[in-house]
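Chain naming follows the written order as A, B, C, D and E, and within any one chain the residues start at number 1.
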Amino acid sequence: MINLVWLVPLFPLIGFLINGLGRNTLSKSVIGLTGCLAVLASFIVSLGIFIELNASNTKSFIVPLFDWISAGTVKIPFSFMVDPLSALMLLIVTGIGFLIHLYSTGYMSHDAGFGKFFSYLNLFIFFMLLLVLGSNYVIMFIGWEGVGLCSYLLIGFWYTNSSYASAAKKAFIMNRIGDLGFLIAVFLIFTTFNSVEFAVIFPQAASMLAGDRALIIITSLLFVGAIGKSAQLPLFTWLPDAMAGPTPVSALIHAATMVTAGIYMIARSNILFTLAPQTLHVIAIVGLATLLLAATIAVTQNDIKKVLAYSTVSQLGYMFLGLGVGAYTGAFFHVITHAFFKALLFLGAGSVIHAMSNEQDMRNMGGLKKKLPVTFLTMMIGTIAIAGLPPFSGFFSKDEILAHVYEHNQLFWVLGVIGAVFTSFYMFRMMFLTFNGSFRGTTAQEHHLHESPSSMTIPLIVLAVLSVIGGFIGIPEIFGGGHWLQNFLSPVFAVSAGKMPHLTLDHSTEFILMAVSVAGALGAMLFAYQKYVKKGEVPAEDRIERGTLARLSYNKYYIDEIYASLITRPLDSLSGFFHKVVDKKGIDGLVNGFGKGAIEASKSFRLLQSGMVGFYIFMMVFGIVALLVYSMYKI
Amino acid sequence: MEILLLQIFIPLIAAAVMLIAGKSARSLAGVLSLLPLAVTAYMYVNFVPDASIQYLVNLPWVPQFGINFKAGVDGISMILLILTNLLIPIIILSSFKHEIKNQSAFYALIFFMQSGLLLVFTALDGFLFYVGWEIALIPIYFICALWGGQNRIQVNLKFFIYTIAGSLIMLLAIIYLHLQTPNNSYDIAEFYKLNLDSSTQGWIFWAFFLAFAIKMPVFPFHTWQPDTYTEAPTAGTMLLSGIMLKMGIYGVIRWLIPVAPLGFHDWGLTALVLSIIGVVYASIIAFTQNDIKRLIAYSSIAHVGLISAGIFAWNMQGLQGAMIQMLNHGINVVGMFFVADIIIRRMGTRELDQLGGIAKPAPKLAIAFLIIVLGTVALPLTNGFIGEFLLLMGVYNYNIYFAALAGLTIILGAVYMLRMYQKVMLGVTNERTTIFSDIDTTEKSVLLIVSVLIIVIGIYPQPILHISEAAISNLLEQVNQKILVQ
Amino acid sequence: MSSLITLSILAILVLYLGLYKAKNALLPATLLGLAGALVLAVLEWNGGAQPIYSGMMLFDNFAIAFTTICIFSTMLILLISKDYFESISEHVAEYYTLILFSLAGILVMVSYHNLTMLFIGVEIMSVSLYILAGIRKDDFKSNEAALKYFLMGAFSTGFLLFGITLLYGATGTFDLTQIRDYVIANPTGISPLFYTGITLLIIGLCFKVGAAPFHFWTPDVYEGSPTLITAFMSTVVKTAGFAAFLRLFLMCFAPLHDFWMPALLVISLLTLFVGNVTALYQHSFKRMLAFSSISHVGYMLFAIVALGVNSSNSVFIYATAYSIASIVAFAVLILVKRQTGADNFDSFNGLAKKNPFIAFTLTVAMLSLAGIPLTAGFIGKFMMFSTALAEYHIWLVILAVLNAVIGIFYYLRVIVAMYFKGAERNEIQSSSYFNFVLGFSALITVVIGVYPGFISSLF
Amino acid sequence: MSISLFYFVAFLSIFFALLVIFAKNPVHSVLYLIVTFFTFTIHYILLNAQFLAIVNFIVYMGAIMVLFLFVLMLLNLNESQGTSKSAIVKMIGVIAGMCLVITLVGSLKALHVSDPLVLQTQDLGLVKNLGKVLFSKFLLPFEVSSLLLLSAMVGAVLLAKKDIKQA
Amino acid sequence: MENVTQALQGVPLNHYILLSAIIFAIGVIGVLIRRNAIVIFMSIELMLNAVNLLLTAFSVHHNDASGQIFVFFIMALAAAEVAVGLAIIVMIFRNTNSTDVNILNKLKW
């Protein structure tokens, strides 16, 4: 089965081609079926691979396909790598991907671009699988950029809205900034290790000293790549804007899979990062800062998808925080659980939006509990999971990270817990505003309210189940679990683990930590309940004056504006300056100046030709005298 | 019959045929343009990808001056032959949509130019190279000036004089080298053998570089280019950007650096820096361009700057990247200008501000355009990525900071390309663009060829890389040895 | 020699033909005679390298080659003279006679082996030209041209003669071989008379070829003279002037290279700049050609500045290329002027649409003058640059390149006018003579450009 | 005495030459020119170039100068036409001419040929001797110069004659 | 004649050169300062005569007749030039009623 791993990306590719070419001719049902089946087939193969790998003693396989680029010493094969990390990721991508495809058949059923949508989704799955499967950084980079492309395409899916198109462009460009870092890192990797193959690099790296300069630079650059892709500070602003895309896209790409690519990549390169503790430190700080920043922004957002988007950014921050403290397993654990509950939440939000006739402002919702019971229930599960309340999945993964953080730096832990408290608050705020209270929308919307079709609710239910039980793959020892995930992934992180101080928290401390965070989350939930259910508060209209902090949060700390005035506008005026002044006046002026100068010279030269014989002869005599003087001296 | 002579002279004969073809010139041109491609295909099939020169032709031309008609094909030339003979049919096909006045002359000039280009890419004799160099220039001047836009006369005059100024300086260098050879020959092999002192090589380097830099164009010799691209008829722009500027790049690889290795050693860094400045500078200018052709023109400067930087980094990756990127850039820029032409022809405007939402009435065009844009911004699995990856790697091997600067093209390219795509294709349609009709069969076939090439090369570039590998590594070694000896 | 005799007899014959009003026979007879002279000249190829007539003449290959090209160019020019002279006055025979006399003088100039012959040759040519410049008697411009040419020509003759005299004073002979022997025999003690003589000869000869600063007559005379005569002056006469110049320096003064080279270097640069730069801002095509002819003198002087084995070859090819291209230019100018009555650039507007053939030949000619490859002009420039570079005059050549670039600018102007500017105009009716000359010249230009081998190794 | 004769004649030559160019009236100029040519004839005699002296006397003073006079009379030119240039131009002209003399002489200054001129063969300039040389060695130029005269003749007639067309 | 030729003895060749140069320069000055075409022409004749004199002197100096022959040719030229030159001047006078060279400046720039 492992040798057939190429089938995994092939199916979505075929799906893409069929749907892409037949987008106008095939019927919607065929398209939907093709799209779903392609991913389902991949999922089945992935499952087979997973089972085989689990059973196998060897935990890492390389499946070469063909030589891709070779120039001199640079040889880049097109080959895939199957190990526990990629196998798990395959399952997540294809599994959740399938659910979201399924969901989309319902969600997008009225859209004119149905075929296009499915072809894009399939293409995304294809690239995501390339990213996951690539056996070297360059193949990974293909997927890396490819998912960026799909993200661009899908954010700008409704391209006639030019702000959506701008959001798409923004996403692509911000990703590209990271990609440049990634690319240069690849070059540096090549010069350092003379290869870009994981299988060649990691053993070599393992023998290097911690804090090696090359490693620090490589990891920093890789991290720049991860920042772009996984929407960390300072490149996170594209992700909230990316909510312009259809909601399944937000669920799949901008929550469950693509944005976690950065974490996947760092986890994949864990040995490099382990040996670059300085970089890890930076990662931790960036993650922490991002999680707090995003969490505080989410608190005041009124767009249901924006809340989820900032929540995603914030959760990604947790993952980076985890990576930063060396909790690779924990971070990856959180990737998995987050994929479950965040996909669920987005799909739920999509269901709400669907029901609300594309209304996204929570101020116009409320009281949807009764009309959308399945959606409410599943979303509540998701919310509990993300808030980190036991025993739902989010609890386990978040607390594993926080435990490592505590051991690493207690201040970080405090801040992390504060983030968790915020998370709980804004998530419940969202739930209460949407589902509790009375309906605040128009009558037309109210009239139209209905529960989503089963194609949409089934994925919700499945994901809800996963959100509940997903945490059990990594039950820590204190709960008597064997932490299956850690064991499964251990071949991947083994070398790193050997170079890292081991978790030495005693159980009582661990329990206290959990208790504190759970208590915090519960407190936040109660506060939200008090505020929005009991008092029935509704966030203020846009025009109402807000307090300084609230205004900062509500306006996302003006980060977009800061970027515009610091980068975009200066670049635009620089462009104008280069074009109009340097190019036109300066260089071209110089070039034209030669021509003009020649013409001017001509204008004055021709005056010499005065038409007067006397003058001509005088000039001749002048020349003759000059020549004679010359010969006088020369003799 | 020497196959290479056939290759070079078939276009010339085609040009002659065109002149007497009259009304049927258009379709005849389409058919005739396939002949050189067929010859190239034959040559490619029989080509052995080692460092040797194949299909060598060596006929005495003006023996008393040491001038021979010496031409041959190695891996480097092969790629350019493919490029030229592949693009010319596409360009001719793309011109079918235009009502061209005096079309027989138009196609005759294109074929004439093709001959010149093929001469440049195969010449192994300095004089022959120069002759080809200029022959390629005359027809394009006429194409641009006869069928161009409003300001064509002024703009092309500048272009012509500018480029010819550069090439005349190059001629001096060629003659000078000729005089230095022991047996007064123009043979490139003799030029390679020369051991001139480094100051002499310095000025020879600059003499050649000036000619090539103007042709490519490298910052700050580029100001003719946006105007010319904008004013030229689309076929002319395609010829200029798709093939002609490769003359400069090819010249750097084949003539400049191997002939003046010490000059390169002393001045290569300067050239590299200029190239990289060009990348960033042109990209930034492209940000705010409102004229679609001008925007593409500036983007071309940026891309060529990167190619040039890759060459001046002078290592395997950079050179191989340059080789494949020459092909890629040719394909992409031709596609890009073709799309621009479709839009300009239908809309009657080049202003981005007046376009928008074309994707809705013309989804096929939108897809093709997107593929071309992606190829241009070097998305993986498109041809552009292979080239830029290798080029950046080459520059990186030279200096990491240069690579970082040149790498900005990845970001900046995306910025202006996507801006253009958005402004043209996305957004709501306005009253102009709603009636936009999607591409027809001819256009579709051109765009299909271009798109397929973009993706196929992107997925499987190895056959192309393989062509030039041995030749490049041989050249590299030769030059490095000379520099080392010094 | 026999061609010189043929020409002399032919001239008188033509004069008599005119006397007997055999107008229709004039042109054929002249052309036939010229063809005969051409054949006779060619037959002497490799004939004798010994001076004849007491060392007065030397019909070496150099002389024959230049004789051939001069006669050939004259034939081309006369071919387009059909109906031209008739429109000026009735004395057509006299014009032909004068042209033939002038050509005879030119033949003497290219094959002299004694300064006496040089002097006489130059004067036969010049005196005829003074007259020819003024044959439009009622035209002020023609009058002015004749007077200017005459006064300045006579003035410069004085210097030429003074120079010859000083050479004679130093050596006691007019014979080139003996003068050379004098130079070789006295490597150190060469009389100052001799040096000053060279300087004055340079002045005289530079005037004849129109090099700066002795070029002032050129534009005015070229513009004022009847176009056909201008064509003759700027091609055949200039070629002959250079042949004479080169012959003297090649034979006698080569060892004193160091003395005269810097002076000529400066002159040639000055000529280049004056010619090219001034040509830029001309409105009249004819006047532009006049200035361009000055600049070509600058290029041709390279061969003398960098005197060497290749010099004769270079000058020969350059002169050939330049002459043929100029003839085309003047022929088209005659046609255009006949139609529009003006000779400015604008009168060429839109020519390509109505007369593609004429426009094409003129384009070839202009490209040749501009020195674009595959035309004879390129080969000429190429050889000049090679010659100069071989002597390491790098800066000279770089400045020359700069000038070549300027040159392209104004040569393109006429192409631009013909092809890219529209104008209401009618098709020009050109006779088959014209078409032949245009087509043939363009063909030769391209043939020499493509395969220069057959005239590049004459010497 | 005889040497001083040369200097006297030389002085006269220069003096009358100056008068030629400075005389206001062209007719006076011609007359002064005739005198100047006469002094040249004396120089030729001094140099024992008798043939040249005679030719100079007949051709120049006789034919050419008469022709000049004739034309002047024909055109009825006199000083009233104000054909002289402004003083500055004159000054510049004179200065330029002086420069010419200085440089011309200057470039010959290193001349070692200061030895007196000696007539080695008495009959060098006699008709008999010159004739021999002219018709042997210089036969060709002699013949060819007929072309010169012929073309001048044709030309002069052509130009000076009033065109029938115009008449 | 005997005694006349005796007079020759003693005059340095230099002085002939000087004399010729001066006369020649006077001719040049004449050309420069006069506007009347005929006077200019006469000045040119002056220049030619200066050359003639010098040639004769050199001829005597070298004891070589060819110098004097050359003078003969120069005289022939002078005759021819005078014929042509005066014809041109007459022609112009017919048209412009003047012999002022500065009146003729239609051709310029």
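Structural remarks
By our rule, contacts are C-beta pairs under 8 Å (C-beta built on N, C-alpha and C of every residue); 3 or more make two chains touch, one makes a residue touch a chain.
A quick map from chain label to UniProt name: A = NADH-quinone oxidoreductase subunit L; B = NADH-quinone oxidoreductase subunit M; C = NADH-quinone oxidoreductase subunit N; D = NADH-quinone oxidoreductase subunit J; E = NADH-quinone oxidoreductase subunit K.
Worth saying up front: this structure is predicted, and the values here are computed from it rather than measured.
With centres taken as mean CA coordinates, the chain nearest to the overall protein centre is B. If each chain is reduced to the centroid of its CA atoms, chain A and chain E end up 98 Å from each other. Look at where the CA atoms of chain C average out and do the same for chain E: the two points lie 27 Å apart. Chain C and chain D have CA centres that are 31 Å apart. Chain B and chain C have CA centres that are 42 Å apart.
Contact of a single residue of chain B with at least two other chains is seen at positions 161.
Of all residues in chain C, those touching 2 or more other chains are 116, 120, 123, 127, 130-131, 134, 137-138, 146-148, 151, 155, 166, 169, 192-193, 195-196, 199, 219-220, 409, listed in ascending order.
For chain A, the set of residues that touch two or more other chains comprises 595, 606, 609, 611, 613-614, 617-618, 621-622, 624, 628, 631, 635.
Working note: touching chain pairs come out as A-B, A-C, A-D, A-E, B-C, C-D, C-E, D-E. Within the complex formed with chain A, the chain C residues making contact are 147-148, 151-152, 155-156, 159, 192, 195-196, 198-199, 202-203, 207, 212-214, 216-217, 219-220, 259, 262-263, 274, 277-282, 406, 409. For chain B in complex with chain C, the residues that touch the partner chain are 61-65, 127, 130-131, 133-135, 138, 142, 145-146, 152-153, 157, 160-161, 164-165, 168-169, 171-172, 175-176, 178-179. Note for the complex: chain C touches chain E at residues 116, 119-120, 123, 127, 130-131, 134, 137-138, 140-141, 143-148, 150-151, 154-155, 157-158, 161-162, 164-166, 168-169, 172-174, 193, 219-221, 223-224.
Looking at the complex, you find that chain C touches chain D at residues 8, 11-12, 15, 53-54, 56-57, 89-91, 94, 97-98, 101-102, 104-105, 108, 114, 116-117, 120-121, 123-124, 127-128, 130-131, 134-135, 137-138, 146, 166, 169, 191-193, 195-196, 199. The touching residues of chain B, counted against chain A in their complex, run 158, 161-162, 220, 222-224, 281, 284-289, 315-317, 320-321, 356-357, 359-360, 374, 379-381, 385-386, 389-390, 392-393, 396-397, 400, 403-404, 407-408, 410-411, 414-415, 418-419, 422, 425-429, 460-462, 465, 469, 473.
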